[in-house]
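Before any comments, here is the structure.
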Amino acid sequence: MKFEVNANLSYTAQGPSTLILNIQALKTPTQTVLEELLIVDPFVKVEHLSAGQNENRMFRLQVMDKKAFTITYRGIVENSFKETDHTNQIEVPVAQLDTSILPYLYPSRYCQSDKLYRFAHTKFGKIDNPFLKVLALTDWIHSNVEYLSGYTNAQTSAYDTVTELAGVCRDFAHLGIALCRALTIPARYFTGYAYKLDPPDFHACFEALIGNEWVLFDATRLVPLNGIVKIATGMDAAETAVASIFGEAQGNEVRVSCNLQEGEFVPFFYDAAQLKGISYQ
Amino acid sequence: MKFEVNANLSYTAQGPSTLILNIQALKTPTQTVLEELLIVDPFVKVEHLSAGQNENRMFRLQVMDKKAFTITYRGIVENSFKETDHTNQIEVPVAQLDTSILPYLYPSRYCQSDKLYRFAHTKFGKIDNPFLKVLALTDWIHSNVEYLSGYTNAQTSAYDTVTELAGVCRDFAHLGIALCRALTIPARYFTGYAYKLDPPDFHACFEALIGNEWVLFDATRLVPLNGIVKIATGMDAAETAVASIFGEAQGNEVRVSCNLQEGEFVPFFYDAAQLKGISYQ
Amino acid sequence: MKFEVNANLSYTAQGPSTLILNIQALKTPTQTVLEELLIVDPFVKVEHLSAGQNENRMFRLQVMDKKAFTITYRGIVENSFKETDHTNQIEVPVAQLDTSILPYLYPSRYCQSDKLYRFAHTKFGKIDNPFLKVLALTDWIHSNVEYLSGYTNAQTSAYDTVTELAGVCRDFAHLGIALCRALTIPARYFTGYAYKLDPPDFHACFEALIGNEWVLFDATRLVPLNGIVKIATGMDAAETAVASIFGEAQGNEVRVSCNLQEGEFVPFFYDAAQLKGISYQ
Amino acid sequence: MKFEVNANLSYTAQGPSTLILNIQALKTPTQTVLEELLIVDPFVKVEHLSAGQNENRMFRLQVMDKKAFTITYRGIVENSFKETDHTNQIEVPVAQLDTSILPYLYPSRYCQSDKLYRFAHTKFGKIDNPFLKVLALTDWIHSNVEYLSGYTNAQTSAYDTVTELAGVCRDFAHLGIALCRALTIPARYFTGYAYKLDPPDFHACFEALIGNEWVLFDATRLVPLNGIVKIATGMDAAETAVASIFGEAQGNEVRVSCNLQEGEFVPFFYDAAQLKGISYQ
């Protein structure tokens, strides 16, 4: 399918500041950026930080003096995803995981899987099929955590959310990841533009490694899983923040949109009766 | 100098288990492993997980049945370090840091730099020279945190230690790292064999990026900085654990030694009057 | 029934120390202390801190020099409890609670009810009968929290236990109290000698105010509810610690026993099919 | 001196709710309420919860249906305070503290003194004079914690503030109390109307027991210590909240004022060179 994505972020710098942004659509074998435009107004030179396939397309910019500025990104992106039937899926033992995957088993700032070991095993440990296991924990999050803007902040982590039971997409994703890792299922944070997200914003969900595929899960169920334009993946929100600010800048407004340009869209959500998983890779 | 390092770790598996170990001396331009021996007794096949220069030399082993086993590592290592005078050092701005360095600015499981921002800036923010800044925070940790075995556990993080003021080398290192990152100085966890550590054990300290060099700091001051055999570096103890255990194995005993085989050893510690930093790279 | 209770606590003072102990059987309308003996060996004068009916019978002692000492308490206690059928029980609204009860609705050091509000309401909010509500949360704790010595420590609180799901009687009680208070049911910590507790030790459970009676609940289910000799009640373990130590003393060994001297003992546990609650008042 | 105090609180109840309020001026030997007026508009009957001398003058009201309402309190209060010279003050040993004082040594919800033991002793343990000790810790808080509205919330505790170093009067008070208790100095939360507080609001500070007097300390230094009209004291904000809401009411606006009606006002703050302490008892 073909999507048009837009992001418009405005900042005020009170003094010298460096920003690292993660808002460009990723380039992957299944996601092609047909056109894109990145404008900083007033003009500031932007440095693109990585280039390799599947690598997050962060960019960095430095503002030396006090001023307000706006970053605008527009992309036309064509992408597809892989659908896999996980009916007879079995877990990949740690002994067979690729070295590059291992970090996604470790606890991170917002995903303290080490503290959720008993919780995860008590609740989900007996489910054999790893797809069903992650689906079950995603369902648990969906049923127990209330989607509530303003309740959490940038310091909120999975350890808080599992008890306080309220948060936004970021918190839902962190909890999903922490539970997966506690169950020895590699999991990572996923950010993207999401078609039909209302109100429009950047979206966060997570990927779990199932049968050597990074399968997408979204405990918020706010958007269909098949309308996502991938931006970045990482250990958690620390590594894939939309914006990391160093110095004296402050974010003001964020406006985001994601529109379908071509293709027929039939909303797709997971269903425990039919173990089809979606993977954007 | 030339060191002989030994590690002897015994485990009991109650059922199928996978272990990932980080106990082999690193191979770097300044550290050569002259000889080494790795034995699992009774025999279990070991898989080496990475090979690149400067990459942690983890290995993985899988035990399928209930049994006790011992892992023995012995290495003869020749290494040196670089001494740099940081008298006129200035901070590398974020805008000039290499992409590969950026993760070491982010908060991690045990180093919640985001929660220590004010603390770090209030206490150390006014020191300009980055070497002196890290030295000052290392001194603060040394003076305020009591080295106390058994007070902390595997869940203890920098956020605890900064208030509870007791811990072991791991806790000292995590706090050092968290404070550096809060001050926008990249920092990473460092594990090694340490000459003259008493009682002998694996040691943990940290590296801060100063003037594009990873400079070693040790807030415990338990060992001279010039008698270290590097094992691994990473975001924090989650990524560079001596042993990560998946499944039903339990660690029993750990015995470690580090002896000087050749070279003259003059213990070296930092000194605020003479800004010489040590770097093992 | 008639019980003989014994406690034997040994301490070593390294210097001047004051201890406050909570080990004497309470005197209440339904609990009579027939005989009792309190010995500190070598002799130290003991000061009894309160005397009123239903008040905790703490005592205080001061040791001025370095020495080891032992505190021995022996009591012969006759007590009974009230059994109430809560089949048609309704909640007492806050508007009708006595002023003296209100503190038991507030969060305390180990019972952060304010952080468990959503959790408690999501899980137990829909149960109308307050006895059944507290029984349900007690059952949830029993089913989800593993009784595990050595996992928790004196700093562990309900907020930890609700996620980490392991602990001892103290942790089970704190979680029960926190959940009750989150549901606007007054609850307090309860310590006592418990017949048939194995291994013998001081026991902790909790009381919830139901229909103007303090009804006993024990999420550990380690002992029958009808074999308890009450020692103290309070906000949480901070207020009713067996021993609060100020200065340089350290506890060594604790030996406790509780034996039935007279009366027939038919173990009694709660049962959701028969809403009989027990109250020691 | 004579003060006129006013409080105006507006609420919206979405359904049945009970509120407990702590806004009336306390009646003490040194504080006389000459006139007062308490109006709930539209009319709701108010129940006064306690009456004893020195007891907090809470009141309770119950709203059964959906409505907005306003609580207005106006008092004319004449009070004085005691000034004591603490130059040669010594600490009251725990062994001599009255039983009623002991709870103020224990950790509470927002004052986790047990976790601040080392911190308090490392920083302030060597100061002998208890007045100077509390003054020193108050000064430390004042110098290190930034007064910042909106940074903290109702769940923030001393354990957070000691590291995060930002908060409002409530947070300053909790940290002061926690540090005192960690140093075995009884301390309690104190709320009042404060002359010259800008912007006007309820104020919170704390009392420490020094030489058998409850001496007032205020780490915010926002107001002179001699212009306070006492409302309540308690373990921490949990026990002395301006408003505790049960049910579905929400607070809207709070307006407070405190004006001098009679007497000459010479602002008084503590001074380490002159150990005069103020006590409102």
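Letters A, B, C and D mark the chains in the order given here, with residues in each chain numbered from 1 onward.
To be clear about the criterion, contacts are C-beta pairs under 8 Å (C-beta built on N, C-alpha and C of every residue); 3 or more make two chains touch, one makes a residue touch a chain.
Computed from a predicted model, the values in this text were never measured in an experiment.
J.: If chain A and chain D share one sequence, what is the angle of the rotation that overlays their CA atoms, in steps of 5 degrees?
T.: It is a rotation of 180 degrees, to the nearest 5.
J.: Counting in whole Å, what is the centre-to-centre distance of chain B and chain C, each centre being its mean C-alpha position?
T.: That pair's centroid distance is 45 Å.
J.: Could you put a whole-Å number on the gap between the CA centroids of chain A and chain B?
T.: About 31 Å separates the centre of chain A from that of chain B.
J.: In whole angstrom, how far does the Cα centroid of chain A sit from the Cα centroid of chain C?
T.: 46
J.: What are the residue numbers in chain D that touch two or more other chains?
T.: 115
J.: Where do chains touch, given as pairs?
T.: A-B, A-C, B-D, C-D
J.: What part of chain A is in contact with chain C in the complex they form?
T.: For this pair, the touching residues of chain A are 115-116, 118-119, 122, 144, 146, 159, 162-166.
J.: Can you tell me which positions in chain D touch chain C when the two form their complex?
T.: 18, 20, 47, 49-50, 58, 60, 62, 93-95, 99, 102-103, 105-109, 111-112, 114-115, 154-155, 184, 235, 238-239, 244, 246-247
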